[in-house]
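Two complexes, one shared chain (subunit A), two partners (subunit B, subunit C).
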Partner chain A sequence: MIFNNAAIMQTLNVNLNAVAPVALMTVLAIVLMVIDFFLKRENKFSLGIVTLIGLVLILPVAATTVDPAPAFGGMVIADAYAAFFNVVFIIAAIFAVVISNDYLRKISSERGEYYYIIIFATIGMMVMASANDLVNLYVGLELMSLSFYILVAMRRSATGAEGALKYFILGAFSSGILLYGITFTYGFAGTTNLTEIARMGVNLSSANHYLLIAIIMLVAGFAFKIAAFPFHLWSPDAYEGAPTPVTALLSVGSKAAAFAFFLRFFGGAFHEFHAHWAGLLWILSAATMLVGATVAIQQKNIVRMLAYSSIAHAGIILIGVVVMNGFASAGVMFYMFVYAFMNMGAFTVVALMARNDGTGKSISDYKGLAGRRPVLAFVMALFLLSLAGIPPTGGFTAKFFILASAIEARYYWLAAIGVISTVISLFFYAKVIFYMYMKEPDALDDMAPVTQAPSTLAYNIIIFITAVSTMVLGLCPTPVMDMAIAAVSHL
Partner chain B sequence: MLTLTHYLILSFTLFSIGVAGVLLRRNIIIVLMSLELIFNSVNISLAAFSYFLRSLNGTVFVIFNITVAAAEVAIGLAILVTVYRARRTVNVDEIDELRG
Partner chain C sequence: MVQYVWLIPLLPLIGAFINGVFGSRLSKTTVGVLASALMGVSFIIACSIFVHIISLPVHERSIEVSVYNWMTSGQFSVDINFLVDPLSTLMILVVTGVGFLIHVYSTGYMHHDKAFWRFFSYLNLFVFFMLMLVLGGNYLVMFLGWEGVGLCSYLLIGFWYEKKSASDAGKKAFVVNRVGDFGFILGLFLLFWTLSDSGIHSLNYGEVFAHAGSIDPATITIITLLLFVGACGKSAQFPLYVWLPDAMEGPTPVSALIHAATMVTAGVYMVARNNALYSLAPFTGEIVASVGIFTAFFAASIGLVQNDIKKVLAYSTVSQLGYMFAAVGVGAYTAGVFHLMTHAFFKGLLFLGSGSVIHAMSGEQDMRKMGGLHKHLKFTSTTFIIGAVAIAGIPPLAGFWSKDEILWEVFEKGHIYIWITGLVTAGMTAFYMFRQVFMTFTGECRADEHTKHHIHESPKSMTVPLIILAVLAVTGGVVGIPFFEEGTAAHHFLNSVFSHGAAVVNHQGAAAHDSEAIYGGLEFILMIVSVCVGALGIFLASLMYYEPMKKYAPSFWKAEVMASKFSGLYTLLYNKWYVDEIYDACIVNPIKRACAACLRFDLGVLDGMVNGAGWLTRFAAWLSHKFDIYVIDGLVNSMATGVSLDGRILRRLSSGQIQHYALVFVLGLIVIFGGFILGY
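This part shows the complex of A and B:
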């Protein structure tokens, strides 16, 4: 050997502990693939149980894997920030898997690959959150996106395929744009490593045309992934076409993963160029908030309404990225944490209300729900009020942190637009609550049981956990917020 | 003598053709081909940067890109088959059940 092995190992810093959560998830996915091979069609539900046990066991590993030193030659960084987001992803995946079991039976699409593709999507998100290199980011992003294309197409109906096709074309298109941005980042910095790009940025004169192309392309590519205006058109169609548990995971997980990298990239590698990208993101954020909230009002389908509501939420979270100081970044992380619970809760109620033939997703189906199922109507109202940002729910605290950071950093107009968007969005959230409590059901057949599921236990557990978490995060946000602030301090 | 600029212009031209194809063409097969064009234009500029910067990262990235693009097109064609079975068409304009 010409090379000194020990020296190479030191520069590479091969640290298997840093990738332990991702490695364990991969093992879980492979185990599921093998078990799936031996299972008969009617026993596929047991895969869901194995997935659930695996995810619950991996959750503490992901939460405790904290190692701020970049590993594998600077490709991977498993800091507290990555651990925080990994926990969000795994929690979202657990919720999605639990409600999937019964939902797949409803749409009679019990297939084994569903579960391990969910795991692969989660692995992609985790790779994105802990990526410290653009190559790593891109592979993680594609692993997540490719898995989601398949998951959205899982319901083999015409609408499912159509949603998947639109999602695929626009998703691949946005990946191409993002990739072009990455190319120019590489072109002006000479490296794909985020730490080295940040070091480069300090020395570089600001006028660099590669840099401007890179910023525009990267922002456009990421705006697609978080469904920001004007790149949001895929999201309502994909949300409506996909099985509801997948929609829930898509709205929480893929958004959190994109924001995780957004913060690490613009807060770390491109922090020196704040003046260049902040203006672009300012416009994007303001437009996304207003368009998302306004278009949501006219929606008749609850999934599409929640899709536009999640677009409005993306706009508000973007405020935190524009401000980009410690408090704002922690606010973004806290927002994603709360969002995981309240949005998952709302989608769980939607999945529960959906009937075997695929109907039951219209807002008018919620008429008079309070009379038939008072508890369900109450928790749905809780989730919607939390999404609208009404105290004392978690949604209020999350919005408060973001808007407070914007006011503190003198982004008064952006904060004002955020408040206006919140007021507009109250309108369509309140409409569903109004339907549930004030209106009579349309016809007698609506009085039939909402779901013919053999067991609503799984739904009830998830609804209970998400509802309690939403309230607890609203009443005492300090522990999670402290964790987020500690995590961004090392960023 | 070919300089970096030549390669970047070539890459940008292919990228623009790809973007135009995705946005303007109505046949999904052509849209998929245009997507491939976008990925390959990126590969050209990455390889060019890699060569002129004397850094290997870009070349490694190109290999990852080719792999991911292959997986991407496989999934794209699979989704296309599903759509075709449900609708008997590959025209974007006729696939418009989801609206709003």
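This part shows the complex of A and C:
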């Protein structure tokens, strides 16, 4: 028998161009594994440099790989929308890798696998963003999640193990529920392909109970990944236990990946059933915003505070999913873009402030930072104000777009709850600023984190880039927003 | 010239940046000179813009300068733009002018402070945001400034954060302003979505005002009321005024600049700027005027018995802001803005004067420990007395013209009760101001020997601004002198801005201007009445507190006698009507408890649910265990053993936290399912 390769390629629609970014990332990961084999423990940091170079080279490829036709038998779609999110993931991964080098040395946990597992997690996110099939989505999701379980446990301490175990068990639990949802979807639709489901959407009876079960299961599975109430309880523990760069990537990357698929799924395949899922997401969004903001006030540990703040942000981004029109979806994308910079920036400062023994993460450790490290305190204040949504920072424009879209679509109460949670959230962000600018450090000896925090070039570069981007996105959001709108228009 | 208006806010921003980042490495002289010089240049530009605006014909005096497009999405677009018109020109003159003087004053006042650079960085930043607030050509830019001045005010109140009272006061200002800002944001959103409903996707003042007429009256009333809640917070009106007296913990130049001359007037400016909206909502106008005049009276009553030199001025500021709101509430926008301007002069002067006194008294603020300071502080006391005369409403000083115009407009528009309350408040104002003057500058010095030894006149950098402000407090009123053919100069200048509102008001009450001649005479009579009331206030104060006059006072007219005779009222006033205590009991403590409860809910109730579930199972196990032992004892012993084992396992399971989390997960899922089943 003679196989006609070209013909098979044709039937399967094997378009390698569509998976070029993922393929390159995989190659990078394999190269790293091989290099790791030959490196001594004290030279592991050079692996970080290779990772960084690789990511920077792949970034333009990911940004320019735009091919709106579904490939691989409709499994993958490399449209502008996927490219937008891929850029967010890779930028987040770059930041995490750059700050990891010093952080790992600080907690004496230099390991080669750390870097390529970060790459695998990123690959998982990228697969999710460009998945056009629920099976492909699940593969991406599991790749990302499994990588994160390992990364969270990387700091071999009690809190690290505890957080990782909780994340793992509950994550497996939520994956199961998500899988149930996928199964039910297949059950009533007869396909897992999003394009197919969208095409047959109108034929489905609106009172189909399997459909409702599928929606609830899928929402629950995703709500876990974005840490929405009441599926949020794992995140403060996991955030606290993980090495700070991983926490940063977890809060930005996995959330963005979940939202990327959320939008594609509910905006495309399930858009016909908007009436069914919008009400459910409405309640989740409102509850998540309020719970995140109020519980954050009580936190004493800055990582836990940022974890709850991240929950509140997920609630606000969910508003955009509830609204689900072009403007709202673009708003969600813009929000994730801004969030990548401001949250990464805040976590970079947290990583810088953490001490060798893992302490220095209490909010009271930030007392008097302004007096000793004015620049560091200033950028931290900038990130926090941006997270709080104060103009003219990027956080403000992002919130503004989402809330404006809600108002335009007449979701007045949801917008009002969004404003309330924003007002509440200002209290805990301002508390850190208050400590930095208006308190003296508790201990004036050299062990105080305020005086100790070493500033290496890597940290400075990341802080500079994130701070400038946060400001620029606030003062001039139009180019990115236009890109997001253009990407959404082909969805 | 007008194209370069963006330079006015930019220069202070540059100053804030340089001083904030490099300030710790620069000398104090460099920092002070840099900050003040940039303010001075801003002021010069503001002056040239004023001259330019004056030279234009009236109908061309509103110029929009767009700097760049901030954000566009769909039909919606926001620019960073500035609106240069008579109102904003007046405001930038006041902000940069008074701001410049206070910067110069601060170089002297703060000279001994170790965080000198930080102070000037904050102060410059504040001026930047204040200028954005008053210059902004759309609501979003105004909001940017609005939030920014709040932040700077918070940083500056808590500037001496080592003092617990200062950082507490900062926190209080922040929290109270949040309440106001919340209303403000909701108002903006309501306005935005009402307009976008009718197809207007712009937040520019011009377009909003042009379409204001199409909004239905109920909505516009709610919008204006919500915006007024914001104004109440920022401009310290009842019931949100409580932060301002505490804000006196900040350095005195801050009190003068932020908490007297500029930021606290932002609310008045906002209402005046939105006159097109407020004129369409007469009910809101009533509320604004009533809250304003009530605050004026209420704060003045507290001011009568305070002993802290700055607290008296703080309550006086709250009271005077109330006057301004009374004016803008009844639609007398020009009068309100005119009083805003003169108030900036004389209250800035009084605060700086009190700062000079405190400087001389080595930080003492209690007036009971002062006295006789006129001998030592010639410049300070003279300028302070000029300020006091101005605020007391004695002609021809600035305060007289502006206060009188408010009272006249209120009277003319038929609000007799507001007029009477305003008149009584004017008397009280004169009384407490001169009580302060007499207690501080006349009589015997009551300070201890050590302090007495150190009393000295302040340096030139402090006295020169005092003198300039004193000149302004004397002459600033000329623009508002009535009896010109075309109304006052201030009216003439500001009219074009308030024409939106005026058109509506005149339409509603066209009969008001029928007999100008009679009104002219009446205005003169009322003027004399208000001067008499002011003079009476001063006279009564002198009988009680001025040594040479005390012998003419009747026996009951003595501070101690009055305090003991009306001890109930005195205690009530001295304790500020117990408003802070009421807030603590009714709002602050319940909220604290609620927040703690939220955390307990997350940890406790959910945890409790799990434990409860575990406990129930255990209880069931125990019950069946007992049941087994005592009821079916001996019959199924083996089974009983099995059940108690089961209970132990469950107990162990529910003590861990992952189970707790997973249970919440499942419970959440069940609730969602339940909701959906009920829903369909």
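Note that the second predicted complex is superposed on the first by the 470 of 491 C-alpha atoms of A that agree within 3 Å, B and C clash if a C-alpha of one lies under 4 Å from a C-alpha of the other, contacts with A are read in each partner's own complex, and residues count from 1 in each chain.
Here, a residue touches a chain if its C-beta (ideal position, glycine included) is under 8 Å from a C-beta of that chain, and two chains touch if they have at least 3 such contacts.
These numbers were taken from a predicted model, which means no experiment stands behind them.
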Looking at A:Phe401 after the superposition, I want to know if it touches subunit B, subunit C, both of them or none. Which is it: first, second, both, neither?
second
For A:Phe434 in the superposed arrangement: first (subunit B), second (subunit C), both or neither?
second
In the superposed arrangement, does A:Val423 touch subunit B (first), subunit C (second), both or neither?
second
Which holds for A:Thr64: it touches subunit B only (first), subunit C only (second), both, or neither?
neither
Just subunit B (first), just subunit C (second), both, or neither: which does A:Ile169 touch?
both
Just checking: does A:Ser489 make contact with subunit B only, subunit C only, both, or neither of them? Give me first, second, both or neither.
neither
Which of subunit B and subunit C A:Phe327 touches, first, second, both or neither
second
With both complexes overlaid on chain A, does A:Ser46 touch subunit B (first), subunit C (second), both or neither?
neither
Looking at the overlay, does A:Thr159 come into contact with subunit B only (first), subunit C only (second), both, or neither?
first
Residue by residue on subunit A, keep only those touching subunit B in one complex and subunit C in the other, then list them.
165-166, 169, 173, 177, 298
Residue ranges of subunit B touching subunit A (in the complex, touch as defined):
11, 15, 18-19, 22, 28, 31, 35, 38-39, 41-42, 45-46, 49, 53, 55, 57-58, 60-61, 64-65, 68, 71-72, 75-76, 78-80, 82-83, 85-87, 95, 97-98, 100
Flag every residue of subunit A that touches subunit B in the complex, lowest number first.
134-135, 138-139, 142, 146, 149-150, 153, 156-159, 161-166, 168-169, 172-173, 175-177, 179-180, 182-184, 186-187, 190-193, 236-237, 240-241, 298-301, 304
Subunit A - residues contacting subunit C, complex
165-166, 169-170, 173-174, 177, 207, 209, 212, 216, 219-220, 224, 229-231, 233-234, 279-280, 283, 291, 294-295, 297-298, 327, 330-331, 370, 374-375, 378, 390-392, 397, 400-401, 403-404, 407-408, 412, 415-416, 419-420, 423, 426-427, 430, 434, 437-440, 475-478, 481-482, 485
Which positions of subunit C touch subunit A when the two form their complex?
20-21, 24, 68-74, 76, 118, 140, 143-144, 147, 151, 154-155, 158, 161-162, 167, 170-171, 174-175, 178, 181-182, 185-186, 189, 192-193, 196, 595-596, 598-599, 602, 606, 657-658, 660-662, 664-665, 667-669, 671-673, 675-676, 679-680
